[in-house]
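Each chain carries a letter (A, B, C and D) given by its place in the written order, and its residues are counted from 1.
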């Protein structure tokens, strides 16, 4: 079994936390205890966890509208995340951002982003900074399959390749951009093929296999750190739930068979990794239960933390606008 | 010798006219008889002429800031072009557009464009119109190597491929985007390689060989007309002169050797085609002289036409703003 | 008359126009099953998330004989396509000397008030108004929405239709069948004589509510809805101000260089209207911040009835009504 | 004092700031050989023609500890990058609760008057002013250009520097070495008492020329240059209008929702200034068309000294100066 036991268990714990966080968020939103739009990451946990496992705390990432998983994997505090969903002053953005705009610059999480592909140039700027700092830092940008329709994706690929920037492009192909299947919006679904025209490695990855994601990322990171430039990872995964919810979760329109195929134990990134670890003797069922229990308690505490935090004072409306 | 004699001679005449038009425009601009910025097409004539030779008059094109050649090849009236450069009311745009914005919708020339890659989505719209009309029409968009840095290029490739639109992408790689060599702004200079990721043919073409351009375009057009979708042609050519001039032509900064290599008889698209035609017995030296003479006279007449045309009346400033 | 929602009214407008004219085609990033069913997937296209490309596609198809209706989604996403809007659509007709018409309609949703935070709560109409070359509509009722969108689709120029999200579910009377509301004609939504209040979109409703409240106190507001921002019906607004001598403009865009600023300039540069002004004009706009997520902050950032009332009282205090 | 051109002043500002602070880096689509030579091609980057990407790169590098100065070329090309400007740069600090600073400067050239036609003759400052979240500078002299650009680069927020093309070759006194002009401080370029004329960029010069002419007729203009559009020094303008009672604003952007509209709104909504106004305000702006190519049309489209004079006379006729 490659990797230290503690690291593997931590990966499992992270994935469970990511899933439970978003499932709880859906409950809270349905109960109207939190506000705004919600984009659950359920089913895609292996991508965030696998990628961030290959990064250093000082490496920087940018995220998308579906960003809770990236935050957690990069090491964000779930109390402050939850407080942000509740619109409270102890949230990461003091309640100004909400679900779609969580950031934690202190841990190199440069922000979720409501604009499809909008975070990619920003990550490229972080990669430029890393190259200039010359201390072996890298940056990674998460983006969806739908983002490949946007020019910013392509422009960033070229510049990163041209300047050999330490940037990892992480395409989370969850098969849909909102209501549209990837085949319906792309002439060619194999996204990694864009890389060739930039002389960049384009790597298809099983995005539901957290170790495969971690290892592919590690290779890309190694390449980036030695100055050989960016890599395009095409992580193939599946969006278990709806694209987005507001007051109620929208109805499922996809076939039950399809959903079952992806949610089965062999494909579910968490169950699959759990089985893999127990088969390898790394964890016992009891340990997994304990993790789940700890996660639930941590999340309950996060809700308490959030609800104990006050709403921002309207008098502070103009605070944070401009830096001195 | 493939093709009818008349067609071949017409190709030669067109290329000569394109070159002479722009050389005259430089003289006129240097003498301050015309205004604004000028982007000469000298050296790249085979691309416009070869592409348009494979199009029908009803097919539509969009052009770039370096657009005089495209206009002439599509069949524009040099009198009205010249009047536009002079800012006169008989110009194609009644003097409102100038060199960078000549259009003739009647002949399917949907406009030169001052925005790098800006014409590509517009051409794609014309291709969509052609597909909906279902009468075998196609559209072509000209764009430079520099335009491949812009997102609009990539977005348009995907949509055209996805919808199998009858669109021909004509990349005029003249080796420079303004002052910058293509290698300095692209990770991979082989532009046709972008096509693969869209399941689209990407065809490198000798852009100084007018028949090669015409034949590659004809194949792409045939493909487009039968509903098989777009093609990316990568026409490799060379910008003989400066990127742009205003009051005076800017100094040359490229090496004399490089220039000589591209301007030699074997590479000059006009001299080379002329030699090819005379070797094949299609034209005599005397016929070529007669063409040159006719072109000079036509251009002199165009200048007369332009100068005889009045400036637009300032009272008409608001005319043409909104259609009824 | 039957009542339908703002969204239904807009949907009807598009479907009726597609029925009326086979050259009308629709492009959007989301599927429209009813339209697809009726008109087929040739005329009803759903597109990749490539706003720049499909904005230009709409323009190119318009210049090639079609009448595209292009939906950007939220106005937020139009910024990805801004080159095609600013450098192409708004200039293409004039720059080419009026050779061709470009009958393309761009639609998008606007506005805050739904806890969707900074990026998804924008009302940047003034950025589009500033571009000489686009017409702009901004309806506030289902009736106007249907009638204006139809006029937009029939117009031979690029028109941008801003559709306020907070109005989506609002219902109101809409006649069956065809009618249009002309571009460039404001409507006095309530006649009054003390203060002219120009409201935009959602804030027409809020202003009408304030007018009803203040009527009880004997204060008479004239509520005007421009409905079209370009061309702006300045004369209807000026005529009202010449009677009331007082002007408040209410909108949820930040004040700086807003439609509200423009309305103030149109009023104060007109000599007769200027002479009739009794009190300083007032803008009731969003605070100069990106719209924040947290409900109390968002409420503080956006205009509301109490802020409108306060502005009305300010102009009345500054020039009291003669009894 | 030595005289250098507007362009030289800007070049000096950038070079001096790069010398002063190693975190200042430069990105542009055109090479800058002198800068590259002095600072190396790591800090002086020339980029592909990918404005959206490099606008975001500047922002991301700013959020990662650098101070990028990003040159868009003409403002025209910024529209390709508008998502990064509107949805990212102007919102990123506030939306994230002020966690990080984004000290990035975006530079571009603006304006018409050089027969470069619609796409290459734009002055859309107001579109950027409308975005709560960007600071905006618009210098009119070499001295201000150098001092303001330095302040912009040292500012810890995204700042947009609009640099008027028609001023590029204009020369003026500029001290050697370091100095700054603070953001948000207008300058009275000429004191006077009959009419306040606010000019922007090139039109500060034109207005000063008009002021000199009219002085001969005994008409005294006070000429104000805001220099910074965000934050706008409204108080300097208002104080002047309170003394003169008359306001003309001159700029080459089309009037609708322009900086000129905003200045008028700032003046007429302020009670004391409103009370002091004796005549309707006047905008002298570009005609509402894309700037045409042909010289006589272009001249007709843009403001000039005679149009400024006519506006001044209009406000004076409407409220004659007491002798």
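Everything that follows uses one rule, which is that a residue touches a chain if its C-beta (ideal position, glycine included) is under 8 Å from a C-beta of that chain, and two chains touch if they have at least 3 such contacts.
Since we're looking at a predicted model, the values are computed, not measured.
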Pair with more cross-chain C-beta pairs in contact, given B-D and B-C: B-C
Farthest chain (mean CA position) relative to chain C: B
Whole-Å gap separating chain A and chain C, where each centre is the average of the chain's CA atoms: 37
Gap in Å, rounded to a whole number, between the CA centres of chain B and chain A: 46
Distance between chain centroids, defined by C-alpha means - chain B, chain C (Å): 41
Multi-chain contact sites of chain B, meaning residues that touch two or more partners: 91, 93-97, 101, 113-115, 149-152, 155, 158, 162, 185-186, 321
Sequence positions of chain C contacting 2 or more other chains: 47-48, 50, 52-53, 76, 80, 83, 87, 94-95, 117-119, 132-133, 287-290, 292
Parts of chain A lying in touch with chain D, wherever the complex brings them together: 60, 62, 91-97, 101, 103-106, 110-111, 113-115, 118, 120-133, 139, 151-152, 155-156, 158-159, 162-163, 319-324
Chain B contact footprint on chain D (complex, rising order): 29-31, 46-53, 76-77, 80, 114-120, 287-290, 292-297, 299-301
Chain D residues touching chain C - in the complex, by the definition given at the top: 52, 76, 79-80, 82-83, 85-87, 90-91, 94-95, 117-119, 122, 124, 126-127, 129-133, 230, 232, 253-262, 264-265, 268-271, 273-275, 277, 279-283, 287-290, 292, 318
Partner chain A, residues of chain D touching it in the complex: 25, 42-43, 45, 47-48, 50, 52-66, 68, 83-84, 87-88, 92-103, 132-133, 135, 156-157
Interface residues, chain A side, partner chain B - complex: 148-155, 158, 161-162, 185-188, 190, 193-194, 196-200
